[in-house]
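Structure provided below as structure tokens; questions to follow.
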Amino acid sequence: MKVTVSRKAHFNAAHRLYRKDWSDSQNNAVFGKCNNPNYHGHNYEIIASVTGEIDKETGYVIDIKILKDIIKTEVEEAFDHKNLNLDVEEFKTLNPTAENIVVVIYNKIKAKLKSNLALEVTLYETPRNFVTYSGK
Amino acid sequence: MKVTVSRKAHFNAAHRLYRKDWSDSQNNAVFGKCNNPNYHGHNYEIIASVTGEIDKETGYVIDIKILKDIIKTEVEEAFDHKNLNLDVEEFKTLNPTAENIVVVIYNKIKAKLKSNLALEVTLYETPRNFVTYSGK
Amino acid sequence: MKVTVSRKAHFNAAHRLYRKDWSDSQNNAVFGKCNNPNYHGHNYEIIASVTGEIDKETGYVIDIKILKDIIKTEVEEAFDHKNLNLDVEEFKTLNPTAENIVVVIYNKIKAKLKSNLALEVTLYETPRNFVTYSGK
Amino acid sequence: MKVTVSRKAHFNAAHRLYRKDWSDSQNNAVFGKCNNPNYHGHNYEIIASVTGEIDKETGYVIDIKILKDIIKTEVEEAFDHKNLNLDVEEFKTLNPTAENIVVVIYNKIKAKLKSNLALEVTLYETPRNFVTYSGK
Amino acid sequence: MKVTVSRKAHFNAAHRLYRKDWSDSQNNAVFGKCNNPNYHGHNYEIIASVTGEIDKETGYVIDIKILKDIIKTEVEEAFDHKNLNLDVEEFKTLNPTAENIVVVIYNKIKAKLKSNLALEVTLYETPRNFVTYSGK
Amino acid sequence: MKVTVSRKAHFNAAHRLYRKDWSDSQNNAVFGKCNNPNYHGHNYEIIASVTGEIDKETGYVIDIKILKDIIKTEVEEAFDHKNLNLDVEEFKTLNPTAENIVVVIYNKIKAKLKSNLALEVTLYETPRNFVTYSGK
């Protein structure tokens, strides 16, 4: 019996969408107001969903405290109250679109999970815009 | 790497559930108070979820402004502040159940997307009742 | 010690904003798309907030089941799945703006409460538009 | 055309995570504060999602009133305002983790659905912790 | 310039509504299913709202970290994952209705605030039932 | 009959809490991680609540489209996708704490309202931290 266990968390960060190798006008044409050189920001919400067999003994797929701690270390401490472009290693060379952020978060959490557990991550940039990645 | 990009939107509309070819008592038996001949209404919320490869250059699966504009033209301008039964072509001959509405919305948005993008649409009739269709 | 006890409920209804004694163009100028002659609709949410002394014996200001039942009889059964303009007595001669609806709801609930209890009603027409009335 | 119809409901219950055949210290090590012998509790929210073909005649996959009534009988009347460990038969010998509860709910609802309908159940223990089961 | 600063927090607890000095039938008549002798439970949400002058130097009415820490010590650590009737001193002799709980929480937080700050506390027992107290 | 009409809106912005005339260590001591020199950000939500008499003719206290447009011009266009410290005139010399931001927003909206209308503004910095100002 495979069950999915989900945990919601959040972090607040500044970011700017642009490519260093593009001209200003090209960045503005593609990224519009998200390309403000002084940055803007979001309250990002994430849902990390872990799928696996229920352990007969404990009744857990994964102790949600373990999942909570992985999210805390890998996501909250790494991204919260940060400027994604300037303060976070992964985005110094990678445009921090919601799509790229969710893949980075997926990879960071997946590396800390037992290999028999599947993962899906949803990242809300705003309550109306969100992205999902499951490693496929 | 396939990521799903979701956009939430909404429209307010009146509707009535019934079949013109059924008797009143048959409509009442099946559709109950949703068959009020004077109509009732909802704040419909929709989530359109588009799945595809991340574009290496932009970091986007789809520019969410494009998705927002498709929803605006195909759904909001077509359905908002309308009577679905009387004002919307598709429902003049199709009972506007949540199931039928979500299929109509899916088809309208899908026709505007590049063919390599998959789509799923969720339609909330109320915060407690909602339906999902992904073209299968 | 005065405590406020609040109960949330909801009803779905169709309505149209207009005055019978105005011309079409005047109604359109003031009420815009809310003046669709075929109606549109909403999932209305209401919060009824009752303020009074805590009863020393029970620890209640009002048994919330009583408040729930008053809302059910006075609001839900009267307005749910109705066309406010056509099916609800109060709005046959009163334009069903959110402001007018919240006053009508306040008066209906207040009449059923003990006179030493104060009332405030909030009515959400959409999650972004809402009104509040407390009898002042 | 397969559409998924979802209905949200809720129940309030007390529970305690522990195994009778484990020592106190073992239960504390694994279940921490969830092992409080005096119980704690939650407002559980459930979403039952039923997938099937749209009925051409009615435009329904399932009349949501039928789904609502199944949830009422099988879940709300069985679990609401109960102590899961003491008052609910299924958990007298099964640790009421979110994972185990969602499987029990799935099985109870599935038994009442026509066999051509697929089911998925999501159970929120808190707004931040939730689990999903679809019989796989 | 007086501004109100609000902080939302939550705790999960079991409780039972009854008076030890009443008969079973009297408790059942007044408290119904909330009188289950085996307890039931809730995810309580609280909003603590502090009103005062903006400090010209810092731009704060109160550092929200201070408010967060007061709530953590006075409410979360005292009530979370507890049985209110059995584990919390204040409710050993006081019926833990939402009204009585919000007054207890108000008094605990108020005692930790500077005397020039006003306080209002809202306690959600469920998303549909909540109470508010401001010391009046 | 005085009714309050509320409209919810939002903007996304970067900011940093600090005083130019303070040392780094003083800023860190008071503003902690909110003092990140590279900025962080939020999805700010605002609720503007306008109180006045219901106009007998229209049934409106204020046409909510007018309120929506004032918020759009005064708040969204001024603050959305901006760095509050660098891009917004008011915060070049004023620390953009939630308290200071809500007062600035209040003053901007109030100046556009008829003088017989009262105003209250609530600003959510996160879903858990928010502030309210009503000009008192």
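The first chain written gets the first letter, and so on, giving A, B, C, D, E and F; residue counts start at 1 in each chain.
Everything that follows uses one rule, which is that a contact is a pair of C-beta atoms (placed from the backbone, for glycine too) under 8 Å apart; a residue touches a chain by one contact, two chains touch by 3 or more.
Everything quoted here is computed from the prediction, not taken from an experiment.
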Listed by label, which chains are in contact with chain A and with chain D? B
How big is the rotation relating chain A to chain B when the fit is done on Cα atoms? Please round to the nearest 5 degrees. 120
Does the chain E and chain F pair touch with the same residues on each side or with different residues, judged by whether over half of the numbers are shared? different
Relative to chain E, which chain's C-alpha centre is the most remote? B
Could you state the distance in Å from the CA-based centre of chain D to that of chain F? 41
Cα centroid separation between chain C and chain E, in whole Å? 28
Can you check how far apart chain B and chain F are, centre to centre, with Cα atoms defining each centre and the answer in Å? 34
Find every residue in chain E that makes contact with two or more other chains and list them. 127
All pairs of touching chains, please: list them by chain label. A-B, A-D, A-F, B-C, B-D, C-E, C-F, D-E, E-F
In the complex, chain E residues that touch chain D: 10, 12-15, 33-34, 36, 38-43, 80-83, 86-87, 126-127
What residues on chain F touch chain E, complex-wise? 17, 19, 30, 32, 94-100, 102-103, 127-133, 136
Using the touch rule from the top, collect the residues of chain F that touch chain C in their complex. 1-9, 49, 54, 57-61, 63-65
